[in-house]
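Going in written order, the chains are labelled A, B and C, and every chain counts its residues from 1.
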Amino acid sequence: MREQIKKGYYNYALIISTGLLALLPLYVHVSGDDFYLDLANRLMILAIAATSLNLILGHGGMISFGHAAYLGIGAYSVGIPAYYEIYDGLFQLLVAITVSGLFALLTGAVCLRTRGVYFIMITMAFTQMAFFGIVSIEEYGGDDGLVIDTRSTFGNFFNLEDTVTLYYFVLASLLISLYIVKRIMTSPFGMVIAGSKSNERRMQSIGFNTYRYKLVCYVLSGCLCGYAGALLGNFTNFISPEMMDWTASGELIFMVLLGGTGTLLGPLWGAATFVLLEEWLSGITTYWHFFFGALLIIVVLFARGGIDGLLKRLRLT
Amino acid sequence: MMNLPILKVSNLSKTFGGVVATDHLNLEIEHGELHAIIGPNGAGKTTLIAQLSGETLPDSGEIIFREENITALPPFKRSRLGIARSFQITSLMLEMDVIDNITLATLAQDNHSYKFWKPAREDIDLRKSALNALKEIGLEERAFEKVGNLSHGEHRQLEIAMALATQPHLLLLDEPMAGMGTDEGSTILKILQKLKKRKTILLIEHDMDVVFALADRITVLVYGQVIASGSPESIKEDENVREAYLGSDGEINC
Amino acid sequence: MDWVLIITQLLNGLQLGLLLFLLASGLTLVFGIMDFVNLAHGALYMIGAYFCATLTEVTGSFLWGLLIAVPVTAAAGALLEISIIRRLYSKDHLDHVLATFGLILCFDTAVHFIWGPEGKAIPLPAFLDGRVTILPGIEFPTFRLSIILTGLILAFVLYFIITHTKTGMLIRAGASNRQMVSAHGIDIKSLFTVVFAVGAAMAGFAGMMISPITEASIGMGNEIIIIAFVVIIIGGIGSIKGAFLAAVLVGLIDTMGRSFLDTLLKLILSAENAETAAPALSAMAIYILMAAILAVKPQGLFPPKGR
């Protein structure tokens, strides 16, 4: 029964949010204020990234500090072709997904042989590796970053130069991503991943090569995050290496935990909360990161079971 | 094929930091029998099962299952070959439903678990076979309950059901009576009696009543070595066994 | 064969390695003994540098700056342990990571607030600012040499304490058997505080020693912490020996890689390709090394026993 109520709630929440998001450009058109559009864009792109992370973290229990690397890879997949005046969106997206997938495959093959905090640290290390790897190529801007002067074009149909077109492209991407992740989570594959999170030893005992399943999941997650990165590159028209810094991964993790791990819409709420909180707090003080950090510490210290536990309790009341 | 033992353990040895847990152990399990392994605490029963299931690599020796050398195979491969194991301390996916746990056991043998699209819980065939497996063990009423909410005894039933659902050739049961009260215990005993004729079982147990009620053959383990192996009657009479358990009391107690 | 360059870079690599060792040893001790993952270890490296910078300014002498800043950093570490860190021991590793990540944010903004966004240079006294002839025809900066010397001395002292003294035995015992150590009347809580403070002091000292060369800056902790993690992953968690070997290895490979990889690559690739690939590959070299070692030894060179 509770399941059905929850399902109903989710459906309503999703419909209302989609509606609001879909109508936002109208409001912007009327008020002439681009600000909320940009905010919403950023929110949705980070929501896609957080959703990809949730697939392995929330659903699969793999705490990866590595996702910033895919955002960077995705962004550079737009930026580097653009540098060579290749603006074809389909090509760029293909590059984003393929390179991300490959990076995930190679690094995942190594990290997934480890557990717990080793896993966390090794994913951090690989993120730094990607960061330094890209940043040391002077041609593409080095640590000054890369400017993307022209956004992606999709044949003769449309391009992402127009803010509103980009907006709807991102919104559509978000909805499709949520749908795909939902199918994956409820599929037999998703069930194996959830089982491995719950009790990997037993899963192996009944015949699952959990390493392989987790690796596949890890690659899927990387691909989706790479896609988000491509959107991010388009949106900001600029790639700063800070996008690939491991601390950016930390922010993604916080979004997933904040929104509730393992749920479908959790990352969306988490990303929204984070972006709005950041917007609000940075208006008050430039030192807003201090309060964000303090908040993290307080929640970990005083919420029984840490952040995740706190959220579980909040969601049950 | 039926004349050869289903499981042949030769010269198995394992030492942990100075302690010899398994000492040149030899063991043969015949098709269709219920073979019990007993022994005082510290006899090395846990280490033996860890090596049989693949969680620990022996230092030396061989394990042959249905004529295949499985000594170095990881647990998931052994499961695919037809060895199933139940755990002494129940090891289940607690956050998931009972039926999900069984479904996973069924999925494991079936190479269809790389399906990404169709919702697992809406697959009618999968559902049906899972419910049947639960009916066999008497847990169909609890199918949609979260495993964490089940009683100790129900955990043990599910534990065994999951091992069964993988349709094994050999069942390794690690102290299935552990922690069971009188009622729960008799439920498990009934299940084991039903299984006795249908499956080849290697049973590790402390509960002597159960062992002598069910076993076709018994092997006694002390300090990682086999000190006696044979029919229940011969074990009861065996001098070495009496010595090992309670001096020369003359009774096999535990 | 440019021997001067090779020897100079070997020494530079050793210097980097020893600096990394100072940082990593505190990290691996805290992880090995208290089972605590301290992402904020890099923040202690940073504030040590800033304390030293200010004290050098105030006293007019780098040596006095060092002398006072080290105990001050140790005290800061102790304070941190007592107020926040010790409450985290009972929680799981992810909570450690998140909480110390929060600490990094707090430290970074606090430093920004107190010292401003610009870095702080630390001037060296004249006698450390010159060069020394170590071999005929080869000169090496005096200060870098002093880093190597102090690094080696501290490494030896640490190793000696851990393996040959009662304190060291307690520390190692504390890791594997807290109850036994408490039963002997030793206050585990204080022991942990001391370990943490010593780790903080060493991290801070490392920061102080690097800053005359690179300047104290806000990002310095975040960059170096991951390399420190790479070192302890390669070396094996909790192992001082491992941290030493891994740190020197990482320092050497990173330095030698950056200097000589393009020359090496030019043997197989075209000059242009070598020049583009070399910086990227040498930047990634230590991570590739880590991956290679993990493939063979998943718990590092000197894995922790029985955890």
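Basically, contacts are C-beta pairs under 8 Å (C-beta built on N, C-alpha and C of every residue); 3 or more make two chains touch, one makes a residue touch a chain.
Given the structure is predicted, the values throughout are model-derived calculations rather than measurements.
**Student:** So what shape is it, when you link every pair of chains that touch: line, ring, star, complete or other?
**Tutor:** Here the contact pattern is a line, an open path with two ends.
**Student:** Nearest chain to the global Cα centroid?
**Tutor:** A
**Student:** Distance between subunit A and subunit B based on Cα centroids, please, to the nearest Å.
**Tutor:** About 43 Å separates the centre of subunit A from that of subunit B.
**Student:** Could you grab the centroid distance between subunit A and subunit C? Build each centroid from C-alpha atoms only and quote it in angstrom.
**Tutor:** Here subunit A and subunit C have centroids separated by 32 Å.
**Student:** Take the average of all CA coordinates in subunit B, do the same for subunit C, and state the distance between these two points in whole angstrom.
**Tutor:** It comes to 49 Å between the two C-alpha centres.
**Student:** Using the touch rule from the top of the page, what residues of subunit C touch 2 or more other chains?
**Tutor:** Residues: none.
**Student:** Which of the residues in subunit A come into contact with subunit C in the complex?
**Tutor:** 63, 65, 107, 110, 113-114, 116-118, 120-122, 124-126, 128-129, 132-139, 245-247, 250, 253-254, 257, 287, 289-290, 292-297, 300-301, 306-307
**Student:** So in the complex, which bits of subunit C are touching subunit A?
**Tutor:** Against subunit A, subunit C makes touches at 37, 84, 87-88, 91-99, 101-106, 108-110, 112-113, 222, 226-227, 229-230, 233, 237, 276, 279-284, 287-288, 290-291, 294-295, 298-299.
**Student:** Which of the residues in subunit A come into contact with subunit B in the complex?
**Tutor:** 183-184, 186-192, 194-195, 198-199, 201-210, 213, 216
**Student:** Under the stated contact criterion, what part of subunit B meets subunit A in this complex?
**Tutor:** It is residues 53, 55, 74-76, 79-80, 84-85, 87, 91-96, 100-101, 103-105, 107-109, 112-121, 123, 126, 162-163, 165-166 of subunit B that touch subunit A.
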